[in-house]
Amino acid sequence: MPVTLAELARRFGAQVRGAGETPISGVADFDLAGPGQITYVSEPSRRRRLDSCRAAAVVVSAADAAAYSGNALIVDRPQLCFARIAAFLHAPPRAAAGVHARAQVDPNARVAATAAIGANTVVEAGAVVGENAELGPGCYVGRGAEIGAGSRLLGHAWIGAACVLGRNCQLQPGVIVGSDGFGYAQDGGRWVKVPQLGRVVIGDDVEIGANSTIDRGALNDTIIGDGVKIDNLVQIAHNVRIGENTAIAACVGIAGSTTIGRRCEIGGQVGVTGHLTIADDVRVLAKSLVGASITEAGTYGSGIHVEPAAQWRRLVVRLRRLEETERRLRELEKKS
Amino acid sequence: MPVTLAELARRFGAQVRGAGETPISGVADFDLAGPGQITYVSEPSRRRRLDSCRAAAVVVSAADAAAYSGNALIVDRPQLCFARIAAFLHAPPRAAAGVHARAQVDPNARVAATAAIGANTVVEAGAVVGENAELGPGCYVGRGAEIGAGSRLLGHAWIGAACVLGRNCQLQPGVIVGSDGFGYAQDGGRWVKVPQLGRVVIGDDVEIGANSTIDRGALNDTIIGDGVKIDNLVQIAHNVRIGENTAIAACVGIAGSTTIGRRCEIGGQVGVTGHLTIADDVRVLAKSLVGASITEAGTYGSGIHVEPAAQWRRLVVRLRRLEETERRLRELEKKS
Amino acid sequence: MPVTLAELARRFGAQVRGAGETPISGVADFDLAGPGQITYVSEPSRRRRLDSCRAAAVVVSAADAAAYSGNALIVDRPQLCFARIAAFLHAPPRAAAGVHARAQVDPNARVAATAAIGANTVVEAGAVVGENAELGPGCYVGRGAEIGAGSRLLGHAWIGAACVLGRNCQLQPGVIVGSDGFGYAQDGGRWVKVPQLGRVVIGDDVEIGANSTIDRGALNDTIIGDGVKIDNLVQIAHNVRIGENTAIAACVGIAGSTTIGRRCEIGGQVGVTGHLTIADDVRVLAKSLVGASITEAGTYGSGIHVEPAAQWRRLVVRLRRLEETERRLRELEKKS
């Protein structure tokens, strides 16, 4: 059911320009949008092509609107407004409330009547599933675990005993929360397991990407703050603490007992070693290794981009003889 | 049921040398093969030991055959011929066609009569499963998703709504196709989710390794070309496009909106940042970081191999004072 | 049911100091432990705060005990003793023996009467599940696979046909054992699959972390020795062999046919390329790349820690012109 451009403007605090009665039924990509569809512009490359856009309307900044004659919603931050319009027009279908005939809910679990529990999902004794929560097919919720109201597990997720998930979280498929941390004591060349007795406690509005893993704490808890966003295939070890609204890109590994601040952005494939403290507002560039605590906000990196392999190999040879190079330099300095 | 060496020769276009009537029942490793088994040689280290081989027959090149007196199949590319013989002699057992009593297929899904749907597998409304396709146990196929004829999901795979898998694909266990991409807009220190509305479209003859994840596009689709091979624990972000017959080794991460060409080979643990274009026939060595587009075919790298830690630490110290080293060099140049 | 401090001392070979009749019901973190709880000290930072500890008792070394007046268990290795006490006081609840009504066990599988098979778990024909083994919900055990006595799969694990798991192993959720290795032969720009016909053979007392993947061998087997500990999201390729009591941290990738020795410690995000041999007692620091065999025990590394991005970029520029820098140095040497 389409809405008018004017109604979108009202609802999302935008200024409408052009035909407010234009019906909008969905969002689309800038280059593919057509009648009935709204798109947005924020990149320069698209700005220059604004006049070629065939969307029914475009979400733009005031500056860009000046260069465009079509229907527009004018806002300060076009991408943000567009995200909200997209969420409004394309709300994911909600599963019907109730427990699927092939789900397995323990009689001692407390599942809200408005919650939806999918096929082959298991909910153990003492677990709590809040109002409007949605557990997709093939999930597992262990003894005494809690799933907050409005949270949504897409499917195939595993939530260990006693772990807590806040409200309005989204877990992509295959997420593991509450696996044992990697803790062993040495005994003459053998490893003796240190029982992992803590929980994972996750705040509200957290999203976790496909097949990511978050270990339970050894004695205390692993803690993920409100608003944290975690991409796919991320590993978060025991007793890690992640501050509010921090975003962690794919394939990152964070070792045990490290504390990461608020509003940090951790790039893809970054590794953070254990027992560190990272300040608020730290950005780490892709593939970097954080091996010591970071006390100041700012951007950090240690990744090196590729070059042709033959050239790179020559460079590595020179890197390896840097000690010799410095020695030669010292010799010359002595002589000079 | 064994076949004769002569029949293998006929079937796979090889020249037989020796006793064509030798019965062959299976393949085996060079060092372990015995009566009834066929093996192959392509590495020099094995070539030199050819006479010690106790296999019933060996697949060899013409050059190697000259140095060997036993039964042989002579071909141009021994490994390729051997792969075909192995597939012929050891075809994986096919699951019986039909829907398992504990599968859950929506009445509005279209499942070919020759397809096999395993225990605890869920197929949602509007999904299509082609002829001879095989969904192992514990899979999920979302609303309107399509699984092409002859494709095989080994088990525990999750295919999101509307995603498309071509013909004769193989998905190892735990694969996730169509998870949400990692897209957020900033709103004063908080992340607002950008709905992920695109699909994943996968071509024919694609293989995807265990626990790998492929995100759906944000507005347009994520596209995996025909013949692409993806190893385990690989992350492919939203709107990535991968060209035909490209191979991607384990633990690789490819960030959003990057396009990779055809016949590329991406080494293990490589990271590719977002919005890049990689040409056809590019090879990237293990653990490299690709941070800019690559316009020419060739081999690229940025990985550094280990050395003893004490030595490596000294080198890093010298690397960190390279600016100072250059300054000292300039001083000397001025004086000279 | 609490036990006395004296009983713990007896059971774990410790010397008790103070009130041996003190009841102990559980373990806790040093800073949070209170009445009825026992903790331990081994780090210097805690040693200095021993007198502030409110635990009912502390496991300490003899040296530390001298500086502490409270109840203590005195042992040589406090962490090791504490791990054993924790395992004793907090044994994980065992699932009841038997096959869950929603499990699917083939009549031709052999499942010990003392084993527990969870909901939605599938056990195929010819598989063997040993005494007291525990398969959590949503697991898969393929044809002819073996799960040793006392082994425990927490859930959502996938064990491929013919693979063997020893005794007293623990598999965290989402583990894949026996996926196909990444083996292809080239055929004019296309990849032809090389059938993966080997097994994975895992020894006793092995632990494997969440969502880790271990590929079956191509012709021979992939072998994981007794006592090996593998963290989350680790990839082990076909025909790899890992020696006894080696520990592998999260996000590591080990490429095909590599042999790793005994008692090695492989740091997080390390990559090891294929066909290498790593000696016993080798430690590799986090994020290193092992690209050649290592023949001597010792510690190896190639990771570089972050610095502020602007500074790092300047360094990389200087690294890239090292060839030029050496040339300038040679010029000066000629002149001098």
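Labels for the chains are A, B and C, by order of writing; each one numbers its residues from 1.
By our rule, a residue touches a chain if its C-beta (ideal position, glycine included) is under 8 Å from a C-beta of that chain, and two chains touch if they have at least 3 such contacts.
None of these values were measured; they are calculated from a predicted model.
Novice: Please decide if copies subunit A and subunit C contact each other with the same set of residue positions, more than half shared, or with different positions, and reply same or different.
Specialist: different
Novice: For the sequence-identical pair subunit B and subunit C, what is the superposition rotation angle on Cα atoms, to the nearest 5 degrees?
Specialist: Value: 120 degrees, nearest 5.
Novice: State, to the nearest whole Å, the distance from the C-alpha centre of subunit A to the C-alpha centre of subunit C.
Specialist: That pair's centroid distance is 26 Å.
Novice: Can you list every residue of subunit A that touches 2 or more other chains, as numbers and ranges?
Specialist: Touching at least two other chains: 102, 120, 138, 156, 174, 211, 233, 251, 269, 304-305, 307, 319, 322, 325, 329, 332, 336.
Novice: Sort out for me which residues of subunit A touch subunit C in the complex.
Specialist: 102, 104, 120, 122, 138, 140, 143, 156, 158, 160, 174, 176, 179-180, 182, 184-187, 189-195, 197, 211, 213, 215, 219-220, 233, 235, 237, 251, 253, 255, 269, 271, 273, 283-285, 288-292, 294, 298-302, 304-305, 307, 314-315, 318-319, 322, 325, 328-329, 332, 335-336
Novice: Considering only the defined contacts, which subunit B positions touch subunit C in the complex?
Specialist: The contact residues of subunit B facing subunit C are 27-29, 32, 77, 79-80, 82-84, 86-87, 90, 92-93, 102, 118-120, 136-138, 154-156, 170, 172-174, 207, 209-211, 227, 229, 231-233, 245, 247, 249-251, 263, 268-269, 286-287, 303-310, 312-313, 316, 319-320, 322-323, 325-326, 329, 332-333, 336.
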